[in-house]
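Heads up, the thing below is written out as structure tokens.
Going by the order they are written in, the chains are A, B, C and D; count residues from 1 in each one.
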Amino acid sequence: MSILVVLLSLAAGAYALAVIERWAVHGHLSLTGPAWAALALMGRESLLAHKSDRLFFELGPVLLLVAGLMAVAVIPLAPGLIITDLATGALFLNAALAYVLVALIMAGWGPNGAYAMIAGWRFLGQFIAYAMLIVMPITAVAMRAESLSTVEIVASQAQLWNVLYQPVGFVLFVVAAMGLAWLPPLDLPDATGELAGGVEAEYTGVRLAVLRLARMVIILALAGATVTFYLGGWLGPWLPPWAWSAIKILAVAASMLSVGRYMPRIREARYLALSWKLGISLALANIFVVGVIALVVPI
Amino acid sequence: MTVQMIFLAFFGGAAVWFGVVVFRTHSMVRSALALLFSQTAIGAMFLVMQAEFLGVLQIMMMATEMSVMAIFMVMFMMDPGGMGKMDMTHQKRLSLWVGVIGLLAALLLVWLPDWGPVAQSVPGAHEQAADLGRELLGRSMLIFQSAGLTILTAMVAATMVAIVPNAEQRK
Amino acid sequence: MILELMIALSVGTGLFGIGLYGALSQTNLVMIIMGVELILAAALVNLVAFWRYLHPDEPAGQMFVLIVMAVMAVEMAVGFAIAIARFRVRGSVEMEEARELKG
Amino acid sequence: MTMLALIILAPLMAGLAALVLRRAPEAIALVGVGIGFLAATGTLAGAVADDAVQLVLPGLPQMPLRLVAAPLTAVFSAMVATVAAFVVVYAVGYMRSDPERPRFFGILLLFVAAMQTLVLAGDWITVLAAWELIGFSSYLLIGFWHRHDGVPSAATRAFLYTRSADLGLYLGIFVLIGWAGTSEISATLAISGTPALVAGLLLLIGAMGKSAQVPLQDWLQRAMAGPTPVSALLHSATLVAAGAILLIRVTPMLPAGALIAVGLVGGVTAVVAGLIALAERDLKRLLAASTSSQYGLMLLAIGAGVPVAALLHLIAHAAIKSTLFLGAGVFQHDRDSTDMDAVAGAGRARPLVLAAFGIAALALAGIPPLAGFFSKDAILAAALAAPGVVWLAPLALAGTVLTGAYMARALRVLWQGEAQPVLGKGMGWMGAGMAVLTALAAGLGFAFTPLEHLLEAELPPEGTAMILGLLAALSGLVLGWFIQPARLMGPVLPMAQRGFAVAGGMDGLVLRPSLAFAAACEGFERRLLASQLGLVRILSLGTASSAERSDNRLYAATLQVGRMNLRLGDGAENTDTHGIDGLIFGLVARTIAAGRRLRLLQSGLIHRELALTVMGIAVIAAVLLILPMSS
């Protein structure tokens, strides 16, 4: 039951997100645009690149989608409204999202196209930058909740949301998440206009539709993770929990999508240097501070 | 013949099969990713064996490790998969013999002895994680710390080996 | 139950054999590293199986697994560092060409 | 008790201080060795008064680390401390202008501390640790001038040779501990029978490596690349002595078979190394070869069952050889070389130094009343009185003759030729160091009688031995002074000069055993690899560093045996060209074949070595699995 609900709301969220993205990119709001685009993709002939690594070519988008769904599976939308409440949910989220990298490498390698491959390897480079910063803030969060289960992590924020409890971790996590979802300004992997869409360059038709959908799902999953870990999940006054979750997740996703409009693209090397020299030290400090606070003032 | 057994056998078979693929395929990326899937199947086996934390950890770590492996393969080998059937093995017969003999010996060692009573139930995932944490930061702290230190050392050493020596270091 | 243990251990031995073959037969350093990874993976499987079916209430078993994972990471890091250094010097990581150790 | 600790701690602390502070190393070093010297003499006095001071430290479970100052060990440590002290005094002058003195003195003192640990060790674990430390610091010392070409390779060679021989030590010690169940030396010496024989032979291998016995003597001469004080220390009382000391200490345990092996190795080395020394063209290398041959004599004495004779000769030799080296160092300073042509006549310019050198040389040759006379007579007497073994005495006599010969040759070279003006720089320190050691070399002989009483050991009667020894020494001196080595040695000369004399063999006595050894070598080496690798692998599962160490070991073993066999091949070709009967031809062919086969093993290819590794592990695993079943 709850699985169905989650999946439906996921579809709705993905659609809403697509609308928001069109809005963020093209500037004008059209509620039906994505639907037409999707239909168009369905109808379009799906080309197969010359001498492509067929297996990877087909598997890439699917694996991407699967990884996104896996990540969504441990995000609680409301008490009891979660696909599976793993004891190691937070870790599982990382595990699932790690396969985004694999999927992109496959999808980039598969079609035997220069742009796509460059994009795939670039994403690997970018991964080196953000990987640590995804895990370490979550560590701090789990330290406060004294559990890796996402539900308990949300419950642990009843008194005070983590965004206030550990703002540093919040910032780091959001930046890393945007890197993971290769959202602008960290969208070098499929730098539109530079790599002709990067990984998506060689995909057409249904496969492209799947790829786009998967990306929406991943963005949603990351927004959900942000909400779960830092914005108190379903917690909130007056409205029912699921509404709070929906609002928060959509808001976070929208803000993630629209940041790129106001910032220039960041070079990988720079991102790497920043996240390793500054980010990781900050994350360590964050873990330390959280540990001290958790030991001294139990809230 | 429980469900667990079926799953265990399935994932185990997958792990072994992908392991074979690693050395059978000609495409570097494929062999790296085959290794990845083999490791992932192993992680799945952990999950079947109710070692949830370890399973998830394995799945997560291997994804990244093997991707790195893949890019290194492409960097160093330029993926001869495209260039057809080039042989990348040597002392094949010897290796085959050694591998087979090792395999058989190990199988013998696995099947011959009496493993004694088998535990039926394991602590729940929450307790497992908690126990593991206490173990790591309690009795086994020294080992744990030394492992961490080893990794740190390896990072530093690897960086030192890999970076290009600049002018005044070179002379 | 005992059969599950047997299955797990047999999978471990299978991986071990394959890894041994690979580590010995491959000419390429990275492929050799892959073989070693397989061997270590075999060790992982056996450790977890022993923990699960023989000493489930002993967290030290899981600790061993963590240590082995650490070893895997270290092995890869150092191996690739060597590979890079060698590639820089020789332009290839073919072990057939590595004869410096010859006395 | 505290003194016992001081013996080791004083040099250790001083060395660390010198390395850390990096200023005024001479002062620190002098203070360190001074304190060590006083402590050692004090301990010796204590041991004379009431024996066996023990210092037990908590070590491994049920295997505490022990330091023992029984009379024997106390004597050794006193000897080491004395030589070390005066060598350091000398080194202050010798290294005066070297910019890296802190490093030098630091390592030197660490080395002394390690040596003291070894001689005072009361259990095998400590022995192993000290042994390793000695090998390592000697590597650093020999390679001290690592910027000069050839020096690093020499240091590495010395390291590899000794390391590969150390394998024997390890195995022997494991056998001992495994059999006796304890690591205390005095307790392990109680064992007998086959394990004693096996352990004895294994220890002999280790001792052969360190004491540069045939066929592992090559590294010693190359070790001359180090600074002269280092050579003096290594050769006289420390590194090379370690092997002999080890054997002297385990003599009570050795059964007849092991004793015969020891005596054979010693006798052969005494003669062969003597020939090499006679043929040498370089002063320091000559001294090095003579060191090998002298230690050969000591092993011969041990083999004859009279370790105390070996002990006496060890002590006398310590003083004598350090004096000789210090003198050689002075000449090296004057002529910037130790080549015979270069140092020809260098003695005239420094009559005092030459006098000291001459005294030491005569002492080594065994001229009364100098120290060497007594010790050598003891050895000869032991060889004559040796039960059953007839060939010990001739070997000993030959060694004595050769000693006289090459010493006379060295003196002649230094005396003849024209003098050159020299400027006395830093001679104060050098002279001081030399003077004391010379005095010891001259007068030590009269301290031997009380020493024997102290060790409750009585020597066999010396009547004939004295006459024979004196005759041999004199004849050797005369031969060496008047007859050119070329005429003296005839066809042997080129081989001896190449140092091939050992393995290549100039006569059946050396050739046949070594060839038989060569034929057996491949299998031997496989066993060597397997056991060694298995050990190291098992000791160091997963840790990268020791994996590398084990690689070095594998490489060392392979290299050493391979090199040895190559030399066997060359040497055999040599004899071949010298045209000896057809029996040799077959042997030569086999030798070369063995060498070629062995060359294949050290392919240097990763995967080959990996395969060998795996097989070694497999063998060990099989053994470990089968042993419990069988027992």
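Rule of thumb we're sticking to: contacts are C-beta pairs under 8 Å (C-beta built on N, C-alpha and C of every residue); 3 or more make two chains touch, one makes a residue touch a chain.
Note that the structure is predicted; figures quoted are calculated from it, not measured.
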| Which touching groups survive when chain B is ignored? | A | C, D
| field | Centrality ranking, top chain (CA atoms only) | value | C
| task | Out of every possible chain pairing, name the one holding the most C-beta contact pairs. | result | B-C
| note | The distance between the C-alpha centres of chain B and chain C, rounded to whole Å, is 6
| query | So how far apart, in whole Å, are chain C and chain D when each is placed at the average of its C-alpha atoms? | reply | 43
| query | Using CA atom averages as chain centres, what separation in Å is found between chain A and chain D? | reply | 70
| field | Length of the line joining the C-alpha centres of chain A and chain C, rounded to whole Å | value | 32
| query | Listing for chain B: what residues touch at least two other chains? | reply | 53, 57, 68, 90-91, 94-95, 98, 102, 128, 150, 154
| field | Shared-contact residues (touching 2 or more other chains) in chain C | value | 20, 24-25, 27, 71, 74, 78, 96
| field | Shared-contact residues (touching 2 or more other chains) in chain D | value | 544, 607, 611, 614
| said: Show me, using the given definition of touch, all chain pairs that touch one another. | reply: A-B, B-C, B-D, C-D
| note | In the complex, the residues of chain B that touch chain D are 90-91, 94-95, 98, 101-102, 105, 109, 150, 154
| field | chain B-facing residues of chain C, complex | value | 1-22, 24-31, 33-35, 37-38, 41, 44-45, 48-49, 51-57, 59-60, 62-63, 65-67, 69-74, 76-78, 80-85, 87-88, 92-93, 96
| Which bits of chain D are touching chain B when the two form their complex? | 543-544, 607-608, 611, 614-615, 618, 625
| query | Inside the complex, what are the residues of chain B that reach chain A? | reply | 27, 29-30, 33, 36, 52-53, 56-57, 59-60, 63-64, 66-68, 70-71, 74, 82, 124-126, 128-129
| remark: The residues of chain B that touch chain C in their complex are 2, 4-5, 8-9, 12-13, 15-16, 19-20, 22-23, 28, 31-32, 35, 38-39, 42, 45-46, 49-51, 53-54, 57-58, 61, 65, 68-69, 72-73, 75-77, 88-92, 94-96, 98-100, 102-103, 106-107, 110-111, 115-116, 118-123, 128, 131-132, 134-136, 139-140, 143-144, 147-148, 150-151, 154-155, 157-159, 161-162, 164
